[in-house]
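Dropping a structure here in structure tokens format, bear with me for questions.
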Amino acid sequence: MKMLPTVIANLFSKPATRNYPFFVREPFEHARGELINDIERCIFCGACARKCPSQCLTVTKDKTEGIWTLEFFACVGCGVCVDVCPVNCLSQKTTHRPVAVERAVITLRGKLPERPAKKDRPDSIEKTAE
Amino acid sequence: MNLNTFSLALAGLVLAPLLGGVVAGVDRVVTARLQSRLGPPLLQPFYDVGKLWSKVIAPASHWQGLFVRWALAASLASDVLLAAGGDVLMCFFVQAASASFVALGAFCGSSPYSKLGAQRELFQLLAYEPVFMVAILCLAKAAGGFDALSIMAAQGPLLFKLPLLVPGLVFVVLVKLRKSPFDIAASHHMHQEVVRGVYTDYAGRDFALLEIAHWADVTVVLWICSFLWATGPVQMLVTGLVFLFAAVVIDNISARLTWRTMLGRVAPITLILATANLVWLYLE
Amino acid sequence: MARTVIPFGPQHPVLPEPIHLSLVLEDEKVVEALPTLGYVHRGLEMLAVKRDYNQMIQIVERVCGICSMIHSLCYCQGIEEMLGIEAPRRARMLRVVWSELHRLHSHLLWLGLFADSFGFESLFMQLWKIRERVMDLNEATTGNRVIVSVNVVGGVRTDLDEAQVRWIKDTLVEVEASIRSLQSTIMNDTTVCKRTKGVGVLTKQAAYDLGAAGPMLRGSGVAQDMRQLKYAGFDELAFEPVVETAGDCWARSTVRFRESLQSIDLVRQALDKLAPGDLAVKVKGKPEGEVITRVEQPRGECLYYLKGNGSTFLERVRIRTPTFANIPPLAAILPGLDFADVPVVVLSIDPCISCTER
Amino acid sequence: MIDVYIGLLVLWPVAAGLASLGQRSPATRAALVMATAAVLAAAAVGLATQAPLTASPAFLASATALHVAQAAAFLFPAFFLFQGLKEKHALVIVFALMQLALAAFGEFGLAAPAAVQTAVAVDGLALALVLVVSLVGSLICIFALPYMKHHEEHLHLQTSRQPQFFMILLAFLGFMNGLALSNDLHVFSAFYEATTLCSFLLIGHDQTAEAKQSGLRALWMNSMGGVFLHAGILLIQKQHGLADIQALVNPALWSGMSLLPLALLAVAGCVKAAQLPFQAWLLGAMVAPTPVSALLHSSTMVKVGVFLCLRLAPVFEGTTTGRILTLAGAMTFLGASALALGQSNAKKILAYSTAANLGLIIACAGLGTPLAIAAGTVLLVIHAATKGLLFLCVGDMEQAIGSRDLEDLRAVIAKTPVTALAAVAGSMAMILPPLGMLVGKWAVLEAAAASPVPVVVIAMVMMAVGSALGVVCWVRFSGTLMSGVAVGPQPAHTSPLSTGLTTGPILTLLAGAVGLGMAAPWLNALLLGQGNPLAGGWGLLPPLFIVAMLGWIIGLKVLGRQSQARLATPYLGGLPQAQPGSYVGPLGRNWTLSEGNEYATEFFGEPKLTRLAGIVALALLLALVGGALL
Amino acid sequence: MFGSFLKTSQVKSPWLMHFDCGSCNGCDIETLACLTPVYDVERFGVINVGNPRHADVLVVTGTVNQRNAVILKNIYDQMPTPKLVIAIGACGCSGGVFREAPNVLGGIDKVIPVDVYVPGCPAKPEAIMDAVVVGLGKLKGILEASK
Amino acid sequence: MSIDATTIAPANLLAEASKLKNDGYRFVTLTSVELDETNMEILYHFDKNLTLKNLRVPVQKGGTLPSISGLLFGAFLVENEIRDQYALTFDGLVLDYQGKLYSETAQTAASSPFCKYHVKAEPDSKTGSEPGIQQEGK
């Protein structure tokens, strides 16, 4: 019986429901959503791939082209890669990643920079561990 | 049996379950609003039944299809009886038969939860049946006849003669609507410790038919409750809705009790109140 | 009398997480109950072989989504101890803010699930409605609703600005009012008391001997709370453990209810003591040696044993979570219960199976 | 012709019984039993075509017959006394001595009553009992043929005791018919004692210690009933100088007079009908072979009690004695129904249910209105058919699986489908509209509601609760039989006897129970004749029937379609099954899924409830006698 | 008309069943949050049912391990057709951060076919609602095709 | 950094544990640590007034320890876990899951998922090497 005032108040007030998807709330400023890579600026150093806790990023290079692959189904959105990116080409949108009906990976190709940046030097200990 | 009675009976057969469906829809919308939610569309129960109807699933028992249809037949028969102005006590017995078939079907199932639900359904039956039966005896005594027509023809609202019936009838409505605190055999929101209780093993089209039977039951119960103020169709409708609203509110302000509490406390108390009212009617 | 065997779980609607209980009933009274685990077991302690100690922060955060912040806090404190560094004061205060916000949302979540276990749907809805405000606080300040990912070795990643501090305080005033409006329902409502009082009683002695933790222990009258260890910023905050003595489900829910209000108070205290300063210290060296750290999770005492060998990879990460300690007491109190009370009692330990099995 | 019918009904079974005593050949015995069944059925139907009627066949009306009856009043107690002395059973001795004393007082201390006008009066009630005895009783005797053969094989007897058994069984039917037909109180009382004797012998038939003890219990209780009966008869003789039952049952005769004699007769009826607190003898009778239980419960013995009360019912209408009797009957209905719910022994469930339903009939008798009497009579007939059916089914299933515990009978439908389904149909006939028992219950309630006295209100509430208890009990009973998965360790599987002699009676009784059940409204109307107060109510039954039939036809069609369907795996919290009836659970153990019914022992525990209900019922019976004294 | 009503019903009444298949609780509580006042998926007719026999949509959170794979498969088999499976969170989609843990087999599509994947760690309630809508669209397509 | 722990022999374990229990210590948990190819140690953690007391018990791989679950029921779960993960057996477990607490396949010394150094149980027919300790993992 103690709940009576609360439920009656609920009946006569506006429901708390946000009518998503007809009404979408503005996302919070710092929300960590979809991970995107401005591939033009990427130097394919591989720092993100090494630091990623879920190992969902891979960076491979051939002679002229760098390939940045994101297995986005395994991405946990922690933002570690964004933090370690030396050229700030990685960023996170404030909106969540849309749902998908099939498994996929995101593969971005870009031109390699003229000279590898200094931070690209792999850490020997971590390398052997993987 | 004249043509008039026949058409009334037919109307009961068709309209009563539909009315029950609308009641279920109203219930869900009001429940949602009490919980500060927007809630489903009013016709959601009909979509649910339509969906269940088109599902394909292997039965849990060879017997369940049979019992579901018997339960539906009994529920509809009780509607027909009431609509045609028949004997309310008989209508009540017919409805109890429907509940028995539901429990029997659940016994035939293979999941332990289904059988536990069946046991609890029976305990529930044991708790509300006497109260409901005494309530009907009271109504009949106060109105001077057992048939629905003479009860509806009673002079003035019966509520003033039968105030002690109200807790009992609310109890019956709560049990029948499968609402807290008495949703012991199966809860109206889709889960509790016995999963879906007596409904656990019913699925697909059988479950859809059972839902329709449940609507028919709810109509009968609310209809009988509305006899407390049967001075006209509108008044009856309002009385029925008041009972429905009371049940929905109580559902939202109470926890589920156990069958031990229901059988040991609530049922005796409501029964004693109803009996006191009946004795009072006789002493008058 | 014939006995009924009920396979309760792993998939069961009142169990939020998979755990199996084989219940043997007689007239709906439990005569035998045996738990089975392993439906959430991932073996993530062994990921220490494949992930360095920094990446492990993200792993231990995901031991359990609900207590994620406090797991990483415990882990980071352990690594910091091994490295011989201490997080700056602002970082420690911020850790208190987020850990208490986590405790608040966890307790509200639990109170809701607990209400659902005895069929009180609207109370569940109401509590989760309030909880959404706390989730908004989490998301707005850290970027994620649940797994906030704020801890790093040596401090925190995220800062709060003045506007955010004010907003948190304002929101908490409303949240506190809403929670208090439900106090009488949770603690005094007739039907609720009927289902919780005297159900699943664990005496003080039994709770202590069986090694119960957290609200389970405090509900039985033992005033033990790891926050008394004064980790993070608790050394500067006024804090007294919440204790109830009845030892039943009611006592446990009351402890959690009162703790959620206490958490609001602690967040306020921490925000008031927030002084400008660094967010993290510079990390030097590699973890080496053994360390045990303990923190208080929403569910109770959480213990981390870490062993480093001087490389970036830890030798051993051992996590003892509160639910792991609470399952033996649960197994001890189940026999003799009404079947209808089984979910209530199981929920009353606030089972976090993903913590337990890791 | 009528005299011939009556003669056949009463004398043939006794003669056939005596003939069977000398017979050791099973074939001849079978032939005798079958012939008796045929003769009884034919004679009963023949009599029914002529009813209502009165007659005075020589073997009941002659001076010799009356002398035999007078002698019986001494001989039976003397035999009981002998038994009591032999077994050193104090209560048997006491009641036998009391009976002897009463018989002596009646013989030498009182003036002889006025001569009875007609020795036999066949009205609806008597005819109902005759039909029940001759049809249901005969079927049970036929069922007993294969059953007793199997039973004795099971007991490994050196010499068969079947000749004695069938002698008593058949004679019992004759005595019952005599009791139903006789219009002379003294002849009636002689038959009454004869049934006591028969039941004593049958219950003790197996001669185990338990059987003997149960037999003696039945003997002392029923001779106590005999004491009440004799006392009542003597009082009537003293007050009115009457022994003619038809003349006696005249409300005008009793206006303004103490109903004490009738109250005593009613108590005698309650004892025979195993009403609380006298239910113990009927429960004890469970140790006897199943045909005996079936006979005692359905067509003989207990029906004597309700028959006696219904006979006197018109006098009870509107009297305090009648109302207290209604209350006592309703109390038994409530108490015994609750006791039945707490039982797992299938035969005990049946026994308590019998006591309960007879309580309902006695409540009808107490009300005494034409509607109530009609309802009581319908209940009597349909209860006999249904309970007979249920007992035969339980007996058959018991022999198939070697246990009579409901928990062991779980899922028995897989082993003995025909019998199990018949049992389910029987239990449905106990509770479901529009079948007979329910229609009877309905009529009782409406009859009670017409009574203007608040005391009856309490009886009505008791009936409401008892009715709900009955529904729960029977749905659970049939649900258990039909349970989906056969589980738990099953008792040793003995060979079931599936001869035509077993299934024949079961199926005939099934047809009777359901058919009569369906016909109940018309049966009721037939008994009530003109001025049926429920005419309006009956009118709505046809559409109900139509809807019900439609549902049943569609349901059966679906059953036919689904009966071949592949079944879904059971929902076990997501756990898969290693093999049907088990799952792999904790400790790597293979957990057998077992099920047990809930008996809610804290509400329906036998010892506590028996004491409580017994005290209340005893108080009511004391009030019945005491109230009549005032 | 009856036929079209039935078709409409099937996409207007998705009863979902949630199975926690070794999730860290993050996605679980977000799934539950969907049912609560602020998100209230009952607007789309969604009810959280506890029994596979009544469920239309199986919502799975978490990674598959040796023990729960059997349960997951069993629950999926017990659901009536047509049915939808929604894999929630990084773990449900691929095993997420735990892919390389000793007792993890991977995402739930290792055991049962998945209709909709919801990325995120944990997936936001809005994303879960999106998944329900997308799944129903897919179901509608299947129903149209079967006409 | 190291922790304060008393090393005791397995034989003294029960006596020590019951002494701690009588002194009012609360059982917290066990920690199993793999030291090298052949050796492990189990740490027993007890708590009194927020102070931890640790017992360090050395044990051989695939060896057996006395179970303290009879004394402290709360220990049964963690002992089963260690049985599962490190294939150490405990004598007198009150509830023995037979190494199947977390998965259906019983763990043996040869297949203990949490050991970096696995014990090879059977001779490998291909290489013909003898059963013995073989280093795996890193």
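A, B, C, D, E and F are the chain letters, set down in written order, and residue numbers restart from 1 in every chain.
Here is the rule we use: contacts are C-beta pairs under 8 Å (C-beta built on N, C-alpha and C of every residue); 3 or more make two chains touch, one makes a residue touch a chain.
Given the structure is predicted, the values throughout are model-derived calculations rather than measurements.
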| Common touching chains of chain D and chain A | B, C, E
| remark: Greatest Cα-centre separation from chain B belongs to chain F
| Pair of chains ranked first by number of touching C-beta pairs | B-D
| request: Find the chain most remote from chain A, comparing centres computed as mean CA coordinates. | output: D
| query | In terms of Cα-based centroids, which chain occupies the most central position? | reply | B
| query | If you average the Cα atoms of chain E and of chain F to get two centres, how far apart are those centres in Å? | reply | 39
| note | Here the gap between chain A and chain B, centre to centre from mean Cα coordinates and rounded to Å, is 53
| Interchain centroid distance [CA atoms averaged], chain B/chain D, Å | 35
| Using the average of all C-alpha atoms in each chain as its centre, how far is it in Å between chain C and chain E? | 27
| Multi-partner residues of chain E (each touching 2 or more other chains) | 19, 36-38, 40, 43, 48-53, 65, 67, 71, 75, 96-97, 100, 102-103, 121, 124
| said: Using the touch definition from the top, which residues of chain F touch two or more other chains? | reply: 95, 100, 102-104, 113-114, 138
| task | Give the residues of chain A that touch two or more other chains, as numbers and ranges in rising order. | result | 1-3, 7, 10, 15-17, 19, 53-54, 76-78, 129
| request: Spell out the residues on chain D that touch chain C in their complex, using ranges where they run on. | output: 344, 407, 410, 488, 572-575, 583, 585-587, 591-601
| query | chain E touches which residues of chain B in the complex? | reply | 28, 32, 35-41, 44, 46-51, 53-57, 60, 189-191, 195-196, 199-204, 207
| field | Residue ranges of chain D touching chain B (in the complex, touch as defined) | value | 431-433, 438, 441-442, 445-446, 449, 452-454, 457-458, 460-461, 464-465, 467-469, 471-472, 475-476, 478-480, 482-485, 536-537, 539-544, 547-548, 550-552, 554-556, 558-559, 561-563, 565-572, 593, 595, 597-598, 600, 602-603
| query | If you look only at chain A, which of its residues touch chain E in the complex? | reply | 15-21, 24, 53-55, 71-78, 96-103
| field | Touching residues on chain B, where the partner in the complex is chain D | value | 1, 6, 9, 13, 57-70, 72-74, 76-77, 80-81, 84, 86-87, 89-90, 93-94, 96-97, 100, 103-104, 106-115, 118-119, 122-123, 125-126, 129-130, 133-134, 137, 140-141, 146-147, 195, 200-201, 203, 260, 263-264, 271, 275, 278-279, 282-283
